[in-house]
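Note that the chains take the letters A, B, C, D, E and F in the order they are written out, and that residue 1 is the start of every chain.
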Amino acid sequence: MPVVIIHMLSGRSSEMKRKLIKKVTDAVVDSLNVKPESVRVIINEVDKENFAVAGLPIEEYRAKNGLSKVKSKNK
Amino acid sequence: MPVVIIHMLSGRSSEMKRKLIKKVTDAVVDSLNVKPESVRVIINEVDKENFAVAGLPIEEYRAKNGLSKVKSKNK
Amino acid sequence: MPVVIIHMLSGRSSEMKRKLIKKVTDAVVDSLNVKPESVRVIINEVDKENFAVAGLPIEEYRAKNGLSKVKSKNK
Amino acid sequence: MPVVIIHMLSGRSSEMKRKLIKKVTDAVVDSLNVKPESVRVIINEVDKENFAVAGLPIEEYRAKNGLSKVKSKNK
Amino acid sequence: MPVVIIHMLSGRSSEMKRKLIKKVTDAVVDSLNVKPESVRVIINEVDKENFAVAGLPIEEYRAKNGLSKVKSKNK
Amino acid sequence: MPVVIIHMLSGRSSEMKRKLIKKVTDAVVDSLNVKPESVRVIINEVDKENFAVAGLPIEEYRAKNGLSKVKSKNK
């Protein structure tokens, strides 16, 4: 009966979130050997100014440290 | 001092949420024998595409399994 | 498909927790008009030194303010 | 690697949230002696009708008990 | 910078939890195209009497409905 | 009425947690201009094997990357 809550930056496409839901559910089913219907996934989309690392909103933290996401320029 | 966080699909009426808050608080007060003022309830409204069962967004899961809510057609 | 997470002080009896689960579920079912099987309740039991009000662990806060729980001396 | 999730009423200014993020991160770093980069803060902004005390939405609870916030009239 | 919190029944082996952590992280990385180091996973292990479906502690719910887990008899 | 939930590795001393509670509460009060009694802090202590970064339990992640905590060898 696992409940998975994913806190992540808002702005991802519906398609990306569908993929996330499917892959995370499969990961839980495979690892814990439970039925797919028993797994719930809740995505909590967080605005950029509400997500912080090292005391800075995420965008400032990335700018300050010259960080970007992996490969493609997705949100 | 209980803190109750309710993750649920967005779209319910204010009236329905008021009723939920009242009833859940009463349930906690009655069961744990605590003062009403000590109970906090936080409703986290989740968009349909962010709430998933069995690897599918909730609406697809319901459509796929011919499921509906109880009785009336509330959200 | 509501998921209810209840953060509360540890130490309640199994019987008290069963009552809490039943009453909170009924409250959600009655208010949101959803099926009982769609409601999940998770109790997160918190040690007294990990639950704080006004910057003090709960027991010190109560002692400092001469507070006690409602009626009977439950935990 | 602390993760701090702050549930609070929506409506605060960006400036206020930046200050909150910075001060809470500093508090965690000072208390737990961890690196700032290891601390994540997530603000969950809650609508007034979704935040309840004593079975009432927060604004009604305050009105009923003649409560206001500290000093200035911020949200 | 996703933070994934997994609420699940306590009692799984360390090995099973390692597998869960790895697979869920990979699922998030693949779906959201983020760096592995940016993903945090927190497992919240819940005692059976603190995890409820349809108003009943999970074991009673399963017994009442003749339910078991998938395939093997893991916890 | 902020509710702050801090997910952190288990094993810190009571004294350290008291300091954390006090400092975080002060940070919230100062930033949001709210009354101390309105602030709740809940510490969720997480076992090392249940806290993961980059798909690895925290201790392995640190060992693999030659990471340690800040200055003193606190837990």
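Here are some notes:
By definition in this document, contacts are C-beta pairs under 8 Å (C-beta built on N, C-alpha and C of every residue); 3 or more make two chains touch, one makes a residue touch a chain.
Keep in mind that this is a model prediction, so the values were computed, not measured.
Separation of chain B from chain E in touch steps, taking the shortest path, is 2. Common partners of chain D and chain F, by the touch rule above, are B, E.
The rotation that brings the Cα trace of chain E onto that of chain F spans 120°, given to the nearest 5.
At the chain B-chain D interface, residue numbers used by both copies make up under half of all numbers present, so the two copies contact each other through mostly different positions.
With B-F and A-E as the two chain pairs, more C-beta contacts join A-E.
The chain with its C-alpha centre at the largest distance from the centre of chain F is B. Centre-to-centre, using mean CA coordinates, chain C is 22 Å away from chain F. Averaged Cα coordinates give chain C a centre that lies 21 Å from the centre of chain D. Each chain gets one centre point, the mean of its Cα atoms, and the points for chain A and chain C are 29 Å apart. Multi-chain contact residues, meaning those touching two or more other chains, occur in chain A at positions 1, 3, 5, 7, 26, 40, 42, 44, 51, 53. Because contacts link the chains in a way that matches no line, ring, star or complete pattern, their graph is best described as other.
Annotation, chain-chain contacts: A-B, A-C, A-D, A-E, B-C, B-D, B-F, C-E, C-F, D-E, D-F, E-F (touch as defined at the top).
Every residue of chain C that touches chain A in the complex is listed here, in rising order: 1, 3, 40, 42. Contact residues of chain F toward chain E in the complex are 7, 44, 46-47, 49-57.
Within the complex formed with chain B, the chain C residues making contact are 1-9, 12, 16, 19-20, 23-24, 26-35, 38, 51, 53, 58, 69-72, 74. Taken together, the chain B residues at the contact with chain D in this complex read 5, 14, 17-18, 21-22, 25-26, 36-37, 39-45.
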